[in-house]
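Note that the chains are named A, B, C, D and E in the order they appear, and that numbering of residues resets to 1 at the start of each chain.
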Amino acid sequence: MILLALSLPLLLALACLLGQQHRLRWLLPAASLPMIGLAVLPESRLELDWLLFGLEVGGDAVSRPFLLLLGIAWSLAGWHALDYIRERQRSFCLFWLLTLSGISLAFLAQDAAGFYCGYAVMGLAAYGLILHDRSAAARRAGRVYLMLALLGEVLILAGLFQLGARFGNFPLAELGTLLGEPVGFQLAGWCLLAGFAVKMGTLPLHIWLPLAHPVAPAPASAILSGVIVKAGLLGWLRFLPPDMYGVSPPVLAMVMLGLTAAFYAALMGLTRSEPKAILAWSTVSQLGLMLVLFAAASVGDVERALLLPIIGIWVLHHGLNKAALFIATACAPTLTRWRLLLLAVPALSIAGLPLSTGGLAKTLAKEGLTMAALPGWAVTVFGLSSLTTAWLLWHLFDRLRQRPGDARVHPAWLLLTLFAMVVPWLWATHVGLASWPTLPQSWDGIWPLLFASAIALSWQRRGWQLPDWAGMQAIRRERFVKLESARPLSLPQISILRQYEAGRALLRLERQLSLVPVVGLGLLALLLGLGLILIIGM
Amino acid sequence: MSFGWQALPLYIILVSVVTGILVFMLGEQRQHTRTVLNLAGAILKLALILIMLLAIQAGTTFEFRLPLLPGLDLLLHADRLTMLFATLSALLWLVTTVYAIGYLEQSPNRARFFGFFSLCVAATMGVASAGNLFTFFIFYELLTLATWPLVVHRGTPEAFAAGRIYLAYTLAGGILLLVGLIWLHALAGAGDFILDGSLAPIASGNENALRAIFVLLMLGFGVKAALLPLHSWLPRAMVAPAPVSALLHAVAVVKAGAFGLVRLIQDVFGFQLAASLGLTDLLAWVAGVTIIYGSVLALKQSDLKRRLAYSTVSQVSYIALGVATGGVLATIGGLVHLVHQGLTKITLFFCAGNYAEAYGIHKVEDLDGLGECMPVTSVCFTIAALGMIGVPPMAGFITKWHLGAGAMAAGAPWVILILVASTLLNAAYFLPLLQRIWFRPLTEEIARRDDRLGRIRQVALIAPTVFVAVTALAAGLLAGIPGSPLFWVTRMVGAEGP
Amino acid sequence: MNPSALIYLLTAAIVFGIGLHGLLQSRQILRQLLCINLMGGGIFLLLITLGGGADGPPDPVPQAMVLTGIVIAVSATAFALALLLRWHELGDSTELDAVANADANTHDE
Amino acid sequence: MTNEALIGLIFLPLLGACATVLPGRFATYLGILSGLAPLPLLLVAVTLSVAQNGPGFLELGGWAAPLGIRLFVDPLAVLMLWMVAIIGGLAAIHAWCDFPPASPSGQRFWPLWLLLTSAMNALFLSADLFNLYVCLELITLTAIPLIALTGSKTAVRAAMRYLLLALLASLLYLLGVALLYNATGTLDLYLMRDALAAAPPAAVVATLALISLGLLLKGAVFPLHVWLPKAHASAPGPVSAVLSALVVKTAIYLLYRVWLWSVPATVAAEQALTLLAILGAGALLYGGVLALLQQRLKLVIAYSTVAQLGYLLLILPMASSGAWPVAWQGGTYQLLSHGLAKAAMFLAAANILHALGSDRLSDLQRLDQRQPLSLFALAVAGVSIMGLPPSGGFLAKWLLLDAAFRSGQWWLLAVLVAGSLLAAAYVFRILAASLRRDDPTEADPVADTKAIPNVQTACAVLLALLALAAGFAAAPMIEFIGPGAPGAWSRP
Amino acid sequence: MIGLAMDCVLALGIVFLAVQTVRSRSLFQAMLMFIVFGLLMSLSWARLHAPDLALAEAAIGAGITGALLLVTWRRLQAEGHDPVESEQSAPSMWLTLPTAGAASLLVVIIGWVALQLPAVPGTAGELAWQRLEEVGVSNPVTGVLLGFRAYDTLLEMAVLLAAWLGARAVATEFRPGALPGPAHAEVPLVGALLSLVVPISILVAVYLLQAGGSAPGGAFQGGAVLAAGGVLLCLTGRLEAAADTSGLERLGLILGLSVFSLVGLLVMAGGGPMLALPGAWAIYLVETALLVSIALTLVLLFAAAPGLRRAS
């Protein structure tokens, strides 16, 4: 099963490479299906000694929600892609499958090198998805993405080197044990944190997200936003065992960063008009919240154990819903009633409507945060983020409504929305966290929605709009990073004197030397010199 | 002096020499005979090397000794390091020969080309199997001699300008090497590669002399290994045909320099002594600076082959860096990069050659959209470029992993900075190429051009390219299996795998 | 050393010097040949004078050497004259150094 | 047997020359063959004897020195004789095509050639300073006609300059010999040392200075080299080869003999030898640069000779140091390998000149197509000249550098390094010129090339291969040469 | 005292003539001066107890060399080059002064060194006197030349041969009448004179040859005298240039060298040392051969032609 999960995408990719994509296209959705099996079936391990430094793969408690997300979201997005992608199918399939192989390996790997390997492959292959459009905007977005992704990867690499120097290619599960007493964030830890933060779109490394999502095709955006970014989170969970110092300044800093991102990104999203850009900012915002959760899980072993299932639910909830929303942008230009409903369900879920998966996740998260002894204001602010989220989704709703066009409702959208509603609940039941919301909890979930609706409606009525400056900012940054081409440097050459004045002078000298009187004088001078030397010596 | 089975290294060298001489004697017109001869020579040589490899596994020792001067022997032997380099270069020679046959299909002076080509590889084998520095030097200089006609092969003024620079650098380097060698000879007396520790007894009191010798030898090897600031011949040598570039960068010349540095640290001084004299730090820093400098310059090149050349400047220094950093892991990283860089870089040059031959493309800007017209070549190029960057699971990653972890273990965390910066820079100059190849539309001008490769040439050019690309991929992907370069190197260094 | 030997000794040295000076500052090849012969004469005279054996019989070895020297000198002169004839047939100058530059030009343009 | 062999080395070519003067084709062929062919055989006998019994004297006419004239044979002399036999022999085969013995040009060429061979053999064996003078004159008076043989303007002019300066050199040498005889009463090279020790210092100084200067001028040592380049460059190919490989070496050989065998302990030889070495260094650098500036192949090679002779003088200051054996081995090996390589280069250059009708570097392009084997010879010999492995030149340079290191003469080291770089520069300049192809579209390159007899090509290639082989067979030769001369002044 | 005065005069004359040779503006004059210089040298050698040399210098140094110089000069003139008119251009000061200075310095040094030389016991010369009878002649110079240092003499013959070969090798194309014969109709007296002089020169040569064993004389002097006869014959047109060297001439040219070598080799073959001439007869044999060769070579060099033949 594991082998199938790993090799299927690769084999399909190879087939694409050989130009067989037309015949095998139908397998595209199936490529990620084995992941679902891995997520729900009992744990199993597979050792691949012959690969790299010897790989060990298999699902475990940490990765199961990730695998489930991957299996569902990727397959359905793939199905959608089958019909959605009309141009450059071969290229799309290839990168789609390569990205899938990468992320599969990253999710399944149980050793550091394997994880990194999958992660890097995924990161690079995703570039091809972002660039699918081949437009100038796509290229720009791709470039920014690539730079940041690489930056992240070398940071991870730097961190890995430091760990690798001590432990070699260590099994991920044993990192905590290996490290013994984890004493604060060491340099390696910082490197890894920052490295994975790129994928996680943590402020200020988020800039690729709002650039990349609008230009990528909808299914690609769906998995980018829904699944791929989660790989960063998994990286954190894998490589950063909980700190032993409790709520230390670094943890607090992460919390503040996450919260800032949650609000900042939502506000930025409001400045955009492109639905996918809005969704991208929403993702940044939601990832900020996940950072807060991760920070809380870093407080200690107990907190980690407590928060891990909650994070899992978050992952599933956000991944599926966000994927559904992205697909919706492709399927719902004209909002009929059914479509409106289909769009509203995931949107409301993300906004944290009680009884929705989002509501469940938020409630659980707030409980978890409180138990992790995070300061009360942090929990409050975390809750308040629903307000901006809701506003942002209103904005999206508004934008989508205004967009003319015609599209077919794809069954994958329906299924995805359905799964988004159901699967996180099921998973919560599975891990024993499912509970009906209490009334206060429900109110907590509902008022931000109402409030946000009010703001949004009034805002809309007055025709206000925030300036679109996020793109400009990215462009400026990009220009800063771009290296201007210049003339190649060269060290001074060794020149052989030939046509130069010195050479001619030497030839003249040689001519003078060959005159008989000069020879004679030289002869006599040497004679006297030799004589003198001999006389002095005697 | 025995000419029996023990002298197998000699025969391996002679295979190439004889091939070269026969090719010269065949003359220009006997194309088919020449092709057969070249391939037969390459295959025979590879077979002999494999036999030797097996025999060494079985514990046989190979040694050939011919006294040249009183107390100085021409000594050929085979140890594991030898085999690593020899196998690599023999394999790549075969591939490059096939490629060159296709590449030079129509061009003049092929007899000369292939003749020197064989001699060049003979010299490389000599460098690999040299049992003492004296022998090493002989073949090292022979390599210079045999390569020069290849560099100037086109016979254009630019080619000769490049050839002149090449000579100026390599011969000056050779002289420095010679001086260092003689100094060492005068100091330590005759000897085979003075193995680890045997210089130690004479070290006390001679520290500064030994330092000076090391620097001289380092400069001597550094010229071919394109260490800063001795590298600038390498990009200029790009005027040569693509197989020559492949040869320079992957099979022979640059490798010989790097190999020399490895021998210098590992066998001549021994890491302990070199480190205690502060010499490894020197080399490591020089290598580090070279890595960065080469990458930065590569960024600025608009000519594809020049960009690749600067990339070599940068990449080859990994070998020196690894060996100079010391410790098991870093040494493995350095040595294994000898192979990895060879495989990857040869792929890149083959691809560059294919582009140039098929569509006359030399500039980076002209690569747009070539993924469509030349998918196979482009895939190979992509694999190799990613390998260069060190994207897992490519070979470059294996190297970087060992280097990075080794540097940490050896207490040289600054190396990680170098690696990080270099990876970023590598990406910065390779990824735009990939972006152009795959994600840009084909320019109209190129689209109008016809594929100039004939059918036979297509096979002869693309088959080797695919082969090396697959090998490069496998070297990384399958690093864990017995027989992989990593496996060999690990056993050579005598350590458990990481 | 007897006075007449002294006289001849000085004469020999002076003749050698004159020959040398003449060789170096003349430009005509024929005269340069004469000067070389003068120098030879000086050396021969020196040999004979020194081997004159003021007290005993004259030393035959230097005499034999000079005799050999004379024959060699005439041989060299004869060959030089033959070469000179050839030279004249080819060139237009009787001076060696006058053509040095022209020579150089034809070679090193 | 050895004595007869030694006599044969001198008299066979001499009588051969007489025979070639006689009328009739038969006499000519007989003279050439009997004059040259047996030399290697005789040398084998001599070599074996020297290896077995060590150096030895042969008193001519049975008169002991100082009264009579002796021949002296030691490993150095044997080495030189072998060079005469091999290089001279191969050059003679080369010359056979250009100067067929029966033709008028052959009639002029061969007697002189045989006399020259005989004279060189005589010189290398002679132990008598006045006899050496006669040998030197004989060499001069045979070599110069050979240069001027073609009768071209440059050749005659070069010959004339060479003649005047050679005569001047002979006179200086003769003056030195005259003073020596009157100061010591002996003319024997190997009795001279003890005899000079008792002589008045002024006489010793004057003798040594005059003899040395005469030899320096004959040996074309910088800055007295001016006659050499054009003379060697304008001579016919085989003559150039022999001139550069052997004839100039005669003077250097005598310098060795005088300074290393015959200088009394009272003389401060180190300083004087350092002066000579400085001249050698000057030759190496100046000759190298001038070679770079030349536009004709043969002139480049000729200036290369000027430069390479410098190596031979460079070893002299090491004579009193512990490094002397190595230096001596290096010097003698340079003598040999330069001889082989330079002869190969000149023969190859002659072939190229014949084939192309010009030896201008600018006319050499596509030489690898037009004259591949000659270019091969040129290149291989060039490798030896540059001192790159594997070649005799490399081993020689290795030994020289080694000696410089051991004796701590750092300036020598620098000079050696600079010299070999210059050599590389000018050799590769030739090779670059011959691989150039200015116009790739140009049609059949062989069409405008005259055919060269295979024998001539073979001679050049063979010599080049010998120069190459010298890189592998050094050990026995160096062992044979031994630790070098017993320099008296090196005694404490 | 008179001797000393004569020495002084001779010395002054020699120096004067040497200066004139260098200084005289006309090349022809310089050559004349040089010939006279040779004669004075020969006189001075007679004064220095070197009669053999005096003879040789008179015959070879002054006579033959002079004749060669003059005939060359005349040929140059005949070919249109005008060596008489080509006056020596004034040498530049910066060359004259240093060369003069250096030359004088050298003179002083040589003179000073020569004055310092002591009489050395046991010289080769003394040994030669002691062992003269072993050679079989009583003239010590001949003893040295053909006994003790016979090898020098042999090589010297090779030099002479080389000079002729060289002159032939570089010779300009043969043109009949290249030999400067009599410009005008011959005075009748010349014939009579020649018929007297030539036999006398042969006689003198033979005398000198046979006297060489005990008195001043020998092959060189004799050869030079004989050559002088030959030169006369050439000058008077009795002999004229031939296009080719006859077999006899060739034989004559190598006679000295080959006979000398063969005798030496035969001695060695007989078990003796190389070049040890067995007795006076061998010396005379060799000397005769030498005489023939010397005379012939010198005449042919003078004639500057491949060969000679009787005038038709």
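Assume contacts are C-beta pairs under 8 Å (C-beta built on N, C-alpha and C of every residue); 3 or more make two chains touch, one makes a residue touch a chain.
As the structure is a prediction and not an experimental result, all values here were calculated from the model.
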So which chain is the furthest away from chain B, centre to centre on CA atoms?
-> E
If you average all the Cα positions, which chain's own average lands nearest?
-> B
Furthest chain, CA centroid comparison against chain C | A
What is the distance in Å between the mean C-alpha positions of chain B and chain D?
-> 43
Chain C and chain D: spacing of chain centres that average the CA atoms, whole Å | 26
If you average the CA atoms of chain A and of chain D, how far apart do the two points sit, in angstrom?
-> 77
Rounded Å distance between chain C and chain E, as computed from the means of their C-alpha atoms | 14
Where chain A touches two or more other chains at once, by residue number | 496, 507, 510, 514, 516-517, 520-521, 527, 531
Multi-chain contact sites of chain E, meaning residues that touch two or more partners | 91, 95, 99, 102-103, 106, 109-110, 114, 117, 123-126, 128, 148-149, 152, 156, 159, 162-163, 166-167, 170
Which chain D residues sit where two or more other chains touch them?
-> 130, 134, 137, 141, 144-145, 148, 151, 156, 159, 161, 164, 168, 175, 181-182, 187, 202, 206, 293
In contact, pair by pair, are chains A-B, A-C, A-D, A-E, B-D, C-D, C-E, D-E
Chain D residues touching chain C - in the complex, by the definition given at the top = 130, 134, 137, 140-141, 144-145, 148, 151, 153-154, 156-161, 163-164, 167-168, 171, 174-175, 178, 181-182, 187, 230, 233, 293-296, 299
Sites on chain E touched by chain A in the complex = 91, 95, 98-99, 102-103, 105-106, 109
Please name which positions on chain E make contact with chain D in the complex.
-> 109-110, 112-114, 116-118, 120-128, 131, 147-152, 155-156, 158-159, 161-163, 165-170, 245, 247, 250-251, 253-254, 257-258, 261-262, 264-265, 268, 272-277
Of all residues in chain D, which touch chain E in the complex?
-> 3-4, 7, 11, 14-15, 17-18, 21-23, 58-63, 66-69, 108-109, 111-112, 115, 118-119, 122, 128, 130-131, 134-135, 137-138, 141-142, 144-146, 148-149, 151, 156, 159, 175, 179, 181-187, 195, 199-200, 202-203, 206
Flag every residue of chain E that touches chain C in the complex, lowest number first.
-> 3-4, 7-8, 11, 14-15, 18-19, 21-22, 27, 30-31, 34, 37-38, 41, 44-45, 47-50, 52-53, 56-57, 60-61, 64-65, 68-69, 72-73, 75-76, 79, 81, 83, 86, 88-89, 91, 95-96, 99-100, 102-104, 106-108, 110-111, 114-115, 117, 119, 123-126, 128-129, 140-141, 143-145, 148-149, 152-153, 156, 159-160, 162-164, 166-167, 170-172, 220, 294, 298, 301, 304
